[in-house]
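Next, two complexes with chain A in common: one pairs it with chain B, the other with chain C.
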Partner chain A sequence: MVKIKDVTKLYGDTAVVDHVSMTIPKGKITSFIGPNGAGKSTLLSIVSRLIAKDEGEVLIDGEEVSATNNKALAKKLSILKQANDINVRLTVRQLVSFGRFPYSQGRLTDIDEKMIDSAIHYMELETMENKFLDQLSGGQKQRAYIAMVIAQDTEYILLDEPLNNLDMKHSVQIMKVLRRLADELGKTIVIVLHDVNFASVYSDYIVALRDGKVIKKGPTDEIIRNGVLKEVYDMDIKIQDIDQCRICLYFS
Partner chain B sequence: MTVKFKVLIPVLIILSILSIFIGVVPLSFTDIFQLTSQQQQIILVSRIPRLISIILAGVGLSVSGLIMQQLSRNKFVSPTTAGTMDSARLGILVAMMFFHQATPLERMLVAFLFSISGTLIFMKILDKVKFKDPIFIPLVGLMFGNIVGSITTFIAYQNDLIQNMSSWLQGNFALILEGRYELLYISVPLVIVSYIFAHRFTIAGMGEDFAKNLGLNYNLVVNTGLIIVALITSVVILTAGTIPFLGLIIPNIVSMYRGDHLKNSLPFTALLGAVFLLASDIIGRVIIFPYEVAIGVIVGVVGSFIFLYLVMRRSAYES
Partner chain C sequence: MSHKTKLMLLAIGSVVAISLFLFVGLTGNWQYILERRFTRIIAIAVTGAVIAIATIIFQTITNNRILTPSLIGLDALYQLIQTFIIFFYGSTSLSATNQTVNFFLSIGLMIVFALILFKLLFKRGNNIYFLLLIGLIFGTFFQSLSTFMQVLIDPNEFLIVQNRMFASFNNVQTDLLYMSIGIIVVTLLYLLRFTKYLDVLSLGKSHAVNLGVDYNRVVQQLMVIVAILMAVATALVGPIMFLGILVVNVTYEMFKTYKHSVLILATVFVSIIALVGGQFIIDRVFNFSTTLSVVINLVGGVYFLYLILKENRTW
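Then we have the complex of A and B:
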């Protein structure tokens, strides 16, 4: 379980994350939504110890994240930041095998190789496993990075806008994979999402943020409501049930 | 052109044999079984030390360039284009001025301190100034290097040391004799450490957040890399002098064919660096025989053309 207690992050005098508290349930998908500058990504980076917080506590299974050994934490929690746009000539397989680094420090065992194979299979990357990343499309690259996180085999998976720059087909594909990771493997997944409809359709819980504060948090159907969304996005959003999905119509 | 061990190792061996037999004192393959004492002397005191130092310098500088490019995530960063070499030369000048009796090892340490500081300053500049076009980075590095270089020249001029400094300005293996190159052996364990760290360097090259996610101590790995680079650069400059472009072009060529995973590319980079430097040295020795063209000039001329090719290929690729 991830417990966030009264976390604050200041840039100068402005609080980008302002006394945020919440508990993220195990084995579920929790989405952070909110307008630009709401502090979603910053909060995710704090939870994953990439950014230091100014106040508060982040407890992962009861241990403060900033005090946990970095190597040990890498086997428990993984974080994928948005759009890794560096043009590096690594093959898909080499990238995915980095996911095993916390376990083998680079000397891959048979178990590691099996984990890599199954991660590649999970993301349907078999046909391109020996291609260089700079030869792939944005969607294929994103899938390769997610395969790496799968190979890392952590209980907690944090993803910062994993659908950025992806087309509809690949966005849906990735959300379905995340759903399977939670349902089949019991992973706890936290994602920052820009598109409120992906959050609505695929997540179990939603945390709505604005100006560094939590506006409301709870099960998806309690958040995807006209009143809540108006407070978060400052827009009058119509919501319709289509095929048991709550779809937000924010286009007009 | 593929880079293969099968090809490179025989080429290195053939060039090594050639290198031993080329020189002002005549020595032919048939002499090998009945060497005169003068010929023996030449081989042991001059030809073999020269060969070893070229191989060590070629390996060391290209591996340094590879590590720098990986850690800075920029294909155009190398000891030549990041002020590392110029800073090392300033260090040598300081060592000459303030520690007259300094042993080569002490000189190396001073040169090392300067080259690591210079490299760190350059890395800080890269951190502070976000360049949109990666081609600016080597330009900034060359400017930074020239500023350090002009400080060196100024101080040397004031102290009548210009002549002494110029021997470190242009790489030259003609002066290598037994007893004057052994410092270069320091690069052997450093290259081995680089290979052991290859996996970590590759991950660190993916960025700080990426490395941290995998539980890697990012700062430790980056600092280890920079220390290795500064040490190798310092010993090469002290023994052979400045050899430009080698650390830039060799890793770039290998990257095209072998990718950027250092476990794969480092051995090839090392080998190709040795082959390239040895070939350049042999060309320099035969082109105006019995005189020699300094190897720094040969590598500079060939290297700058390859560098231009790489820059143009890159801009063609981006457009």
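Then we have the complex of A and C:
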């Protein structure tokens, strides 16, 4: 379980994350939504120890993140940032192999190879496993990065806007994979999403943030409501049930 | 060609370059000549290897293939130390004439400077680019100070200073060479503990942290290693600016891999071939009319411009 207690992050005098507390349930998909600058990505980076916090605690299975041994934590929690420009020329398989580093420290065993195979299979990348990343489209690249995270085989998976720059088909594909990871393998997944509809359709819990504060958190159907969304996004959003999905109409 | 064949070819190339250097034109008192050449070749090979390794680590940490470790300002500090000694104590003083004193003074000051710089900067978060910026500013400051002193001193003394501003393998002292090798071996043994992290570090900070690398600690230790290696190489032969960039980039082009176990070994060979081959040409073709570092800086500078113009971001 991930427990966030009173976490604050200051840039100068402005708090980008302002006394945020929450508990992220196990085995579910939790989405962070909110307008630009709400502190979603910063909060995710704090939880994953990429950014140091100024106040508060982040407990993962009862242990404070910044005090935990890095190597041990890498077997428990993985993070994928939104900008993943890698300077090195890697094939898909080489990239996915890096996901095994916390276990193998660079020397791959048979078990590692098997995990890499199954991660590649899970993301349906078999046909392009020997292609270089710079030969792939944005969607394929994103799948390769997610395959790396799957190979890392952690209980908690944090993704920062995994749908950035992806078309509808690839976005849906990735959300479905995340759903499967949660349902079949019991992974706890936390994602930052910009599109409320993806959050509404695919996540179990939603945390709505604005100006570094949690506006409201709870099961999806409690958040996807006109009143809550108005408070978060500052606009009137019509919500309709289509095929048992709550769809927000925010285009007009 | 597989990496193994390429490595083998490079190893053979290095051996050929070294034997050419050692045995071509061996006439007269061959024992004496061979002994002198042997010292020089070891000095050349060791500095070449050390600079190449330091550069590759530095570029991996900074994720940038057109940076060189001289950005921390060590070269400029070395020049300042040399100028300072001659400015205040004259070219006949002990610290100017006694190479051992000079050697340890230079190494000591360079390492102390690097450690203070790292300590100050790593305390307040770990921004590697901020460190480079400060290093650059210090480097410029040291250079201006040296120039200032050089303008004031006696022209004869200035010639001696100028001589030390360029790397030269022609008068390396044997005992200093062995001491340097000692320091280098210890440093490289220490480096072995971190080599497994280098591949992961080349993915960038967030991936490295995600994969369980204790980023701040590892980068700090690696920077200290780079500083020690550069300090020893510089104090031994003088500053060579572009050698590292040149040989490391040639290695990247040849091997196109991210595996540092291959890259480090390969770049050592490339560096030895470039330096030994270059020195051979200078000795026999140009009859010592120029120094190797002038040639290396010329070729390296041109290649550096080419790299910038090409704006090649993927490697």
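Note that in this section the second predicted complex is superposed on the first by the 249 of 252 C-alpha atoms of A that agree within 3 Å, B and C clash if a C-alpha of one lies under 4 Å from a C-alpha of the other, contacts with A are read in each partner's own complex, and residues count from 1 in each chain.
Criterion: contacts are C-beta pairs under 8 Å (C-beta built on N, C-alpha and C of every residue); 3 or more make two chains touch, one makes a residue touch a chain.
Quick caveat: nothing in here was measured; it's all calculated off a predicted structure.
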Simultaneous placement of chain C and chain B on chain A, clash or fit: clash
Touching partner for A:Leu73 - first (chain B), second (chain C), both, neither: both
First (chain B), second (chain C), both or neither touched by A:Arg49: both
First, second, both or neither for A:Tyr250, with chain B first and chain C second: neither
First (chain B), second (chain C), both or neither touched by A:Gly106: both
Touching partner for A:Arg89 - first (chain B), second (chain C), both, neither: both
Set of chain A residues, in rising order, touched by both chain B and chain C: 48-50, 70-75, 78-81, 84, 86, 88-90, 94, 98-99, 101-102, 105-106, 152
Chain C residues touching chain A - in the complex, by the definition given at the top: 63-65, 125, 196, 199-200, 202-207, 209-214, 256, 258, 313-315
Residue ranges of chain A touching chain B (in the complex, touch as defined): 45, 48-50, 70-75, 78-81, 84, 86, 88-91, 94, 98-99, 101-102, 105-106, 132, 152
Chain A-touching residues of chain B, taken from the complex the two chains share: 73, 198-200, 202-203, 205-207, 209-210, 212-217, 255-256, 259-261, 263
Of chain A, residues touching chain C in the complex: 48-50, 52, 70-75, 78-81, 84-90, 94, 98-99, 101-102, 105-106, 134, 152
